[in-house]
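Per-chain numbering from 1; labels A, B, C and D assigned in written order.
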């Protein structure tokens, strides 16, 4: 297929967007009874990075993990079933939206305690190094996570042992309702923090999937050739409320017009314009994509809804491994 | 007197403390945000300024040290975390430093801080947003551990906690935030270390705390209709622990059930049973029993979470067995359509 | 069989594990240094290389996450901290992550790690180098908590811990490191979760663990000469807890004393008392009693520390009172010149 | 008195050295029954910094605190009595060497958990700022302490709130027996880590008391004029074993000749040469100083030895403040 890679970038972003829009739409049915942190507006980071990863490369994430899970090839049905608390969920319903996992597709884990997967990801990467594997680990983290001490401890060790890890910081300027300026000194630049640990860094526009993709390609080359970690900081923006299916701009915690500015920079729309302009896709192809995705989403939600709840025995299973 | 919500009671106590003492500070992730920590800090920054009521970086351990430091130099900070789990990052500061500071320097410098921790539960919070852990804090000499079960106590105990010269861990159960009680509008204190006889009875004593007091009271209500008279002791604080009130009650009823808010093993209920059996073994006429969270991490799906948390019905089951009474629990506690992963709206209060 | 020190037993178990399984790693501050963590890691880096046996940055929390990660990808790390207090920086990783990992992902990925924690004591360690805290870890479903009291168990339990597929907290009391026991030179396993009947007796059961087993045995020895027959149960692991052995013993002796290695309140001893009274209340003929560390931080000066830790004499006092026997404790336990802030050299073993 | 400041620098260093040498000498009597971490070789940092502090400025430290305590004016008798576990000790014997305190003289606390006083010191300094006090806080920390996540959390907050704090990192290249190279990536420079948080930094020779002093003067000026924190990294070296009264170079954990090199750079000897050359002091004056210090030390040890142990009641006092 011509321009397969470019089309994939678009398709993957669109698919994530459409999945999350459907979650938002159906959330009010109160059947997905767990907190959900949607990443609408931030799809380019997940996709631009993950399109360069191999199946056996590992991805880890945190509370806002849907996009990373899907971009890495995580099973959609199992994810939705997990949100519905069903036995067919990727964690049999035990975890919910904040605990996605798909070992088959290299998505190791996401957890809601901010920052806590960072050292775990470093450990997974360190194991690759010790096993002389050529695989790498990518860990996604927010701007808020860079305020946790464990972030720095992880940078130090990754740099000390030269482990094959790609840190991807999605700087969306907010932690819940709190702007960077009430949390970090104005002179503090996240990428520079990483650099000061002797780590190669890149920064860029997280809404520009081409830029993210290019940067990731270089970053991975660097990790593999130099046997050293890389840190990428990407600016992007969350459109909806921190947790839940709705917007919350009316609460006034963000500057007036900030959201609009970012919506204008929609990663999917802007990339669509680019690839249409460059005749990489046609409007017809896009219509077809939307149809395909819709039908996959319909199937997957049906699957999730029709799946059964786990049986009571499960409650006391998996506390210990025998 | 007005009926107000538990969350409003917390807000009023904080407001009172800020007003009353210029050295009080309020610090926490989301303190000034539009949701104001479940409404418990709403409007305070507007009223007292961002130098006294403030957000913070996502640095739980550092911030705990920082509020300890600020308390050594003239301030009385209240630090808030939206989940008890986040405080696990700051255990070193809480347990090695704040709890022992006054002892380590032989009484020269004390640490008057309050750490408000909210216990998550329900709506699929899952394994990392639903622990209780009060027995951890209560294990540590130097800490006080307060767990009000109603609005009245919440307000009075929070004011006492802020005025206390020691580090106080103040645990709030999310499912209490929307319950109501009669609460004076002015400031008042509920002393730390005094349990409350929440309900008088003669056949059996339930010792409980925090949200589980509500389940215990419901159990008592229902059993009363079947001739079983249940006394309910609300511990209110876990450390110091009012063993006198517990012992008095059990001396009278001669039977003990502990309805634990957390895991039972090495928990609050094991401490209560120990205190009772060590002190009034001869008064007991049967083995004490504890009930608490299932001994596993908390699952997200409601299919399992519904069986994870003990309810009034489970307590009633234990009591009827203990008293050798046959009651039909399914009649006493008929199935309702109320989902079990959100607070029961009939638990409105006052209690 | 050879008699070797507890610290040597730990070393041998580690050596065996490294030899036996190439996925075993040893990580910790000072692991390869000249003192080798009280001798427990000496020579291992030379033997297995710095890729398997290594020092680490002073980043307890990060390193705990890192060894969790490495365990998800094929390795079996042993992480060591020289004081239990240092691990308080890593509680978030231990309790929210490692302990719950297997449950959270419904059995797809487990965390086979061992965290060796050394309990400080003596020589003026002071408030931040002398806590015990096993009840904290034991409160958490998903963790195993192992506390051997002698060289034989130390070796066999450490090998079992490394081979266990779950996170194991392995607590070593410093004062045990120089005690001796008969230990096979080859590798062997002591199963986790089985208590040991350390001494048979008929009048009273002392349930104990770690260093306090030695004080309990000394107490039993001395009381035996005065016609009091004491049974001593060594828990060996606190979670899983072998309640069967405890219940069997107390069913027989009908009396229970718990000699706790840590603080009693919300501690191991309260759990033991609860298990016994819940299950065999009718077998008990008198109130159970617990003994443990003084309910305060641990002071540095020996003038106070001497009264902080319970000793055989204190246990004997409780037992003689319980049995209503008048014995002169000062004759039974004559004053010696041995300072109390260093291990008693007569506690040499085997036990 | 002419050249008072210069003489004080020398006197203070000499006094600390002599106190610690006496501790080392008498430790084998087994009457100071607590762990001691001596700072012999590192005196210039403590003295060069503290000579610029006012009585109400606050100092905090960690396990290796004797020099900081004494340089800040901490009571010698109370310190020694604390080491002897006596009721006249600065913490009535409850703390020992690792828990020094002298509120009268602005020494707030030292604790043995590495890194843990850093955020507490930031909090004390923040309080000064809020009270509009002109006082500042100085916190001493080792190279090892910069590996703890809480170090970074403290830097962020100090920088965010512009608190009047002087961070002084004594980089002696070792944490116990572990060299920097097994703990920190080679490209990681401690002062740069601080800088990347937007904090003004200085670096220098921690064995040159004049340099330390000059740098501190500038640093304090900066803190007061700019209302911002400052970070100083000073290289120095510990002569004796990590913990205890003896040398341990024979264990071979440090490079051969490393210790000798640093002993040649003895902060006290080299400063003595300077001030004698410049005729700031005479040999006679120095002899007099030694005599004075010796007699103070004799008195103080006698005081400590003759003091009584605390009474048993103390065990259960100060758990809670009523």
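Convention: a contact is a pair of C-beta atoms (placed from the backbone, for glycine too) under 8 Å apart; a residue touches a chain by one contact, two chains touch by 3 or more.
If you're wondering where the values come from, they're calculated on a predicted model, not measured in any experiment.
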Co-neighbours of subunit C and subunit A - touch as defined: B, D
Grouping of chains that still touch (sans subunit C): one piece
Chain separated most widely from subunit D, comparing mean CA positions: A
Inter-chain centre distance, subunit B versus subunit D - centres from mean C-alpha coordinates, in Å: 43
Gap in Å, rounded to a whole number, between the CA centres of subunit B and subunit A: 36
Where subunit B and subunit C are represented by their mean Cα positions, the distance between them in whole Å: 31
For subunit A paired with subunit D, centre-to-centre distance based on mean C-alpha positions, whole Å: 46
Contacts with two or more other chains, residues of subunit B listed in rising order: 56-57, 59, 61-62, 85, 89, 92, 96, 103-104, 126-128, 141-142, 295-297, 299
Interface hub residues of subunit A, defined as touching at least two other chains: 91-95, 99, 111, 113, 147-150, 152-153, 156, 160, 182-184, 314, 319
Pairwise touch network: line, ring, star, complete, or other: complete
Residue ranges of subunit C touching subunit D (in the complex, touch as defined): 29-30, 33-35, 54-62, 85-86, 89, 123-129, 294-297, 299-304, 307-308, 339, 341
Sites on subunit C touched by subunit A in the complex: 51, 56-57, 59, 61-75, 92-93, 96-97, 101-110, 141-142, 144, 165-166
Parts of subunit D lying in touch with subunit C, wherever the complex brings them together: 33-35, 85-86, 89, 91-99, 111-115, 144-145, 147-150, 175-178, 182-184, 248, 251-253, 309-310, 312, 314-316, 319
In the complex with subunit A, residue positions of subunit D that touch it: 147-153, 156, 159-160, 182-189, 192-193, 195-198
Parts of subunit C lying in touch with subunit B, wherever the complex brings them together: 61, 85, 88-89, 91-92, 95-96, 99-100, 103-104, 126-128, 131, 133, 135-136, 138-142, 239, 241, 263-271, 273-274, 277-282, 284, 286-290, 295-297, 299
